[in-house]
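Shared between the two complexes below is chain A, which has chain B as its partner in the first and chain C in the second.
Here is the complex of A and B:
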C-alpha cells in the first residue's frame, strides 16, 4: 500500500532543502487534497496559514476518527506512525509553527504509548525545536470538526464555532492554525519525495454484512462491483452507505466511486467509508442506530441539531413500534431536511441524510412494522 | 459593497452583519440568542434569512459582495418557525402579566402549538435570591454569556451533551451552592423567564394582612424611573408620586425613601473617606452600596477587605433607623415593625438575610415584583394622583436620587466630602467625568491641596479591570450591574437598548430639579445626627450603620473559616 511507504526522514530533509514555497508548489502540483472529508486543497490551506502574520502558529493533526465505519487512520497509526510525525513536522515547517498537537480519539488510547515513542524518536533524529503533544479527546464525535478540536484543546467545551474566521487565519488561542487529517499529513510527507506518488489512491474503510471488512487502498474510479468482489458479502446486498452522514442508497454495482459520483448522489463523500447492507436487514433498524448515534453525539449548541435529532429518534422508535402514521413520516422528512438546512456545523448539516434517503429509497421498510401489528 | 435585500439595492461596508443591514432598513428579524453586547454564538437559529438561496443566521453572517438576501419568503418563515417549535417549552405561558421576549417573537412569527412532546424533566431550583426552572429554558445561552463575558463571574455554563445540554453551574451543582454574586443579570437577559427572582410577595402580603404588624416600605432611588415601564409608560418616566400612592393603596403603613438612606450613607462614607485620607488609612477606599460587588469581593478579591468602606448599603441603614429611631419616635415595638424594601436588585434579597445586617430589612421586592403586587391589587397605576413620602424618613436630596446610576454614589459623596473638608461651597455640582454609559469612568478633584483621584466601574469585567489599576486612585465606586442600579437584575426586562440611558437621565433630571442636592444639607439628616446618632462614624452609627465582611470560597458559596 502506498500509504504504508515509510519516508524515513527523507521528506523532512527535502522539505528543509527546498523551503516552504517550493513545498506548497509541489503539493499543489501533485494534487493533494484533505482526506478528512472536505477535500480542500492542502497547499492552499497551508498557504493561508503561512501568509498569516502572527507571533505564534500551530499545527493540529486531527486523529479524532469518530465517524462510524471509518477506521483508516487507525491503520496508519499501526503501520506508519513515523511518517505521520514527519508530515506534521513538514506542515509546521511550511507554515512556521513551533508547537503541534495530535488530537487523538479518546477510544484510541491504546495507540498512544507507541505513537508517543515514535514522536520522540523522530523529533530526536530530525533535530528540530518543533514540539508535538498528544492530546486525548474525551470521546465526542463533534470534536472531529476542526473548530471543535480547537475549543477542546484550549480546554473549553468541544463545540463548533461559527466560521469565518477559519482556523488558518484565527485558530488556537486566536493564532493561525492548520488542522489536517492523519492521512493528509502522511500523504504530504510521501508526496514530497516519491515521484510515483498517486493522488488517486485512497483508503477505503469497508464494513457491514461482508466477510472481509477492512481498510483497502484503491484508486478513485473503482467500480462498486469490483469493491464488492473484494470484500465478499454474506448475502445479496440491498443498500450501501457512505458513512453515517452519507445517507442510505440502494446498492448500485455500476457505480464508479469518485468525488463526483458520490456527490451526485446528494451526500457528503466523507473519507471513503463504505458500509454494505444486505437483504436480511430492515433499513429502519439501520436508521435507528444512526439516529441514536446523532442523538448522543450532537454537542447541544444549536437548536435544530440538539432538539431535532432526539425528535427524529423518537419518531423512528414510533415507526418500529408500528404506531407511526403517514403524518409522522411526513414530519420526519420535514424535520430531517430542516435540521440539515439550519444547523451550525457539519454534524447537524448531515444528521438527517439517512432518514431522507431511507424514506425515499426504502419506503416499504417503514411500512412493514405497521402490517406486523 | 453592493447587496440586494428583498429586491432592494443596498450599499454596505462589509463589516456589518446581515442583521445590522436589515435593522438599518427597518426590516424586523426575530432574534433570540443575539445580544448586542455579546459575541454572536448563533445558537438559536431563529434569525434565519436566505442568502443566495441558502439559509444563514443573519446575526453572525456578513453578506458577500453581490449577495441576494431574502428575509421574508415562505422558506425563511417556515424554517424560523420550525426552530421555535423545536425548542418550545410546554410550561411556558404567554400571559399578559409576564410578556416575555419570546412571547413577542411568537406573535411576530405567528406561532402554533408544537407538534412534539416535551422532553425536559428538571427540578426547578429555589435559591435564596435567584430561582431557576430549566424546563422553561430554550438553551439560548444569553445568561451564560452575560455571566461570563460581561460579569466575569462564570457561575453558570452548559452541562451535558445533545438534548441533555442544559444551563447549570459546573458539576450540575445548584446555583445557591456556587460562587454567584446574585446580580440577576441572567434574569434580565433571559427571553423566556426561566430564571427569576426568589419572590417575597407572599411574605409581604402575610405581613400586610396581619393587623398587629406595622409594615413600612422603602423604595430605592433607581426604581422611580423604571417602574412605570411595567404599566406601559415609556422608559425614563419619573413616577415617584404615583409609586408612593400605589404603595399606600397596597396597604403599607408608611412609605419611606431609601434616598434618605443614601444621604446618610454619604455622611458616613465621606466622613470615613476623609478620615482615611487624613489619618493615612487604607486607600483607595471602595464603596459598598452594591451587594453584588460585595459578594464579588468576598468570593474573588479577599485582598480588598481593608479597602472596603464599612458602611452598610443605604436601604439597610434606613431599615435599621426605622427599627430604632422611628420605632422610638412613633412608639412602636421594633418587633412589630416589618420593613420591606423595593429594590432594582436581586442581590439585596441575599443581603437582607446576612446575619451581620441584623434584620434591618425583612423582605426585599424587586421592581418587577412591585409591578406584580400593584397589578394583583387591581390598582390603576397610570391614573394615580401623586403623593408624598411619609415623614420623618421621607425627605431626601438629589444626591440620594443619583445613587441609582453608575457614578452617582461617587458624585454624591464628593459633593459632601468637598464641603465637609474645605468648608467651601463646591463650584459645580455635576461631575460630568463620571456620568454617562462608559464602563469605567475617572476624574479628580482638589480637596485642601490634595489631588483626590476617583474612579467608577460598573459590570464585573470593568470592576476587574479597575481592581488591576486601583493603586492610581483614592476613592473607587463599584457597581456590579453594567450602568448601575438602573440596569439592575431586579428591573423591568427591556428590549430597547436605549432604556438604561433613559432611566439614568431621568434620575439626573430629578436631581437637577430638587431644591436640596447635597446630602449634608438634608434637614432630617441633620436632625438624625443631632438627636440620635451623634456624629458620622460615631460609636452609635458604627453599631447601627456599619458592617463587616465574610470571606467566601472562590468556587463554592461556602464561607471560609477565619
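Here is the complex of A and C:
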C-alpha cells in the first residue's frame, strides 16, 4: 500500500532544502487534497496560513476519526505512525508554526503510548524546536469538525463555530491554524519525495455483512462491483451506506466510486466509508442505530438538531413497536428535512439523510411494522 | 465581529481532566474544585466541559467500564444479541452500574473496530469479533479478577 510507505525523515530533509514556496508548488502539482472528506487542496490551505501575518501559528492533526464505519486513520497509526509525525513537521515548517497538536479520539486511547514514543523519536532525529502534543479526545464526534476541534483544544465545549473566519486565518487562540486529517499529512510527506506517488489512490473502509471487511487502498473511479468482489458479501446485498451522513441507498453495482458520486452536489463529507447491508437485514434497524448516533452526538447548539434528532429516534422506536401510522412516517420525513435546513454544521445538515433515503428506497421495510392507519 | 478573548495556555484542559479521571475514576466535585483553583478556570466552565464529552464522568463508574458499540457495522453483525448477553450476565440494564460497583455498561458510538465487528471497549481496551460465548468467558474472568 502506498500509504504505508515510510519516508524515514527524507521528506523532512527535502522540505528544509527546498523551502516553503517550493513545497506548496510540489503539493499543488501533485494534486494533494484533504482526505478527511472535504477534498480541499492542501497546498491552498497551507498557503493561506503561511501568508497570514501573526506572531504564532499552529498545526492540528485531526485524528478524531469518528464517522461510523471509518477506521482508515487507525490503520495508518498502526502501520506508519512515523510518517504522520513527519507530515505534521512539514506542515508546521511550511506555514511557520512551532506548536502542533494531534487530536486523538478517545476511542483510540490504546494507540496513544506507542504514537507518543514515535513523536519523541522523530522529533529527536529531526533536530527541530517544533513541538507536538497529543490531545486526548473524550468521545465527541462533532470534534472532527475543524472549528469544534479548535474549541476543544482551547478547553471549551467542542461546539462548531460560524465560518468565516476560517482556521488558516484565525483558528486556535485566534491565530492562523492548519487543521489536516491524518491521511492528508501522511500523504504530504510521501508526495514530497516519491516520484510515483499517485494522488488517485484512496483508503476505503469497508464493513458490514461481508466476509473480508477492512481498509483497502483503491484508485478513485473503482466500480462498486469490483469492490464487492474483493470484500465478498455473506449473502445477496440489498443496500449500501457511505457512513451515517450519506443515508442508505439501494446497492448499485454499476456505480463508479469517486468524490462526486459519493457526495452528490454539495456534500462536504466522504472519507470513502462503505457499509454493505444484505437482504437479511431490515433497514429500520440500521436507521435506529444511525438515529441513536445522532442523538448522542448532537452538540446541542442548534435546537432543530438537538431536539429533532431525539424526535426522529422516538418515531423510529414507534415504528419498531408497530405503533407508527402513515402520518408518523410523513412527520418523520418532514422532521428530517427540517433539521437539515436549519442546522449550522455538517452533523445537523446530514442528520436526517438516513430517514429520507430509507423512506424513499425501502418503504416496505417500514411497512412490515406499520400500524394499520 | 466578535472579540476573541482566548489566550494561549500551556496546559490543555481536556488532558488535565482526563488524567484526573484516570487517577480517580471519575471527576468528583472535590477534584473539580481543586482543578478550578489550580488552573484558575471557573468551576462552571469545567462542568460544562465534563458534561459535554461522553467519556468524562461526573459520577462514580464501575471498576470495569464496558462500552458496547452500537454503530451500523456492529448492529449488522448482531451487536444487539451481544448487548443482551452482557445485560443478562451483569444483571443490569445498559447505562447502569452493578451494585458492587464492579461493572458499568454503556452503549457507545462507533469505536472504529468495524472490520472486527461486533466490538466493545473494556476500560478503553478493544474486544473484537464478539460472540455470546466470548462475552460469558470475559465477564467470568473479570468477575473473578480483583
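Structural remarks
Just so we're on the same page, the second predicted complex is superposed on the first by the 364 of 373 C-alpha atoms of A that agree within 3 Å, B and C clash if a C-alpha of one lies under 4 Å from a C-alpha of the other, contacts with A are read in each partner's own complex, and residues count from 1 in each chain.
In this text, a residue touches a chain if its C-beta (ideal position, glycine included) is under 8 Å from a C-beta of that chain, and two chains touch if they have at least 3 such contacts.
Treat the numbers as computed from the prediction; the structure is a model and nothing was measured.
After overlaying the two complexes on the shared chain, residue contacts for A:310 are found with chain B alone; chain C is out of touch. When the two complexes are overlaid, the chain among chain B and chain C that reaches more residues of chain A is C.
Of the two partner chains placed around the shared chain by superposition, chain C is the only one that A:213 touches, whereas chain B remains out of contact.
Look at A:140: by the touch rule set out above, it reaches both chain B and chain C. Applying the stated contact rule after C-alpha superposition, one finds that A:157 touches each of chain B and chain C. Applying the stated contact rule after C-alpha superposition, one finds that A:331 touches chain B and leaves chain C untouched. By the touch criterion stated above, A:365 is placed in contact with neither chain B nor chain C. Once the two complexes are laid over each other on the shared chain, residue contacts for A:342 go to chain B alone; chain C is not touched. Of the two partner chains placed around the shared chain by superposition, chain B and chain C are both touched by A:297. Contacts of A:108 after superposition on the shared chain: chain C is touched, whereas chain B is not.
Once the two complexes are overlaid on chain A, the chain A residues touched by chain B in the first and by chain C in the second are 140, 157, 296-297, 299. Of all the residues in chain A, the ones that touch chain C in their complex are 56, 65-71, 74, 101, 105-110, 133, 135-141, 152-158, 170, 172-175, 205-209, 213-215, 241, 244, 275, 277, 281, 285-286, 288-290, 292-293, 296-297, 299. Across the interface of their complex, chain B is touched by residues 140, 157, 162, 295-304, 306-311, 314, 331, 334-335, 338, 341-344 of chain A. Residue ranges on chain C touching chain A, taken from their complex, read 4, 6-9, 12-15, 17-18, 41, 45, 48-49, 52-56, 70-73, 75-77, 107-117, 121, 124-126.
Contact residues of chain B toward chain A in the complex are 40-46, 48, 54-55, 57, 60, 79, 82-83, 86-87, 115-117, 119, 138-139, 157-158, 160-165.
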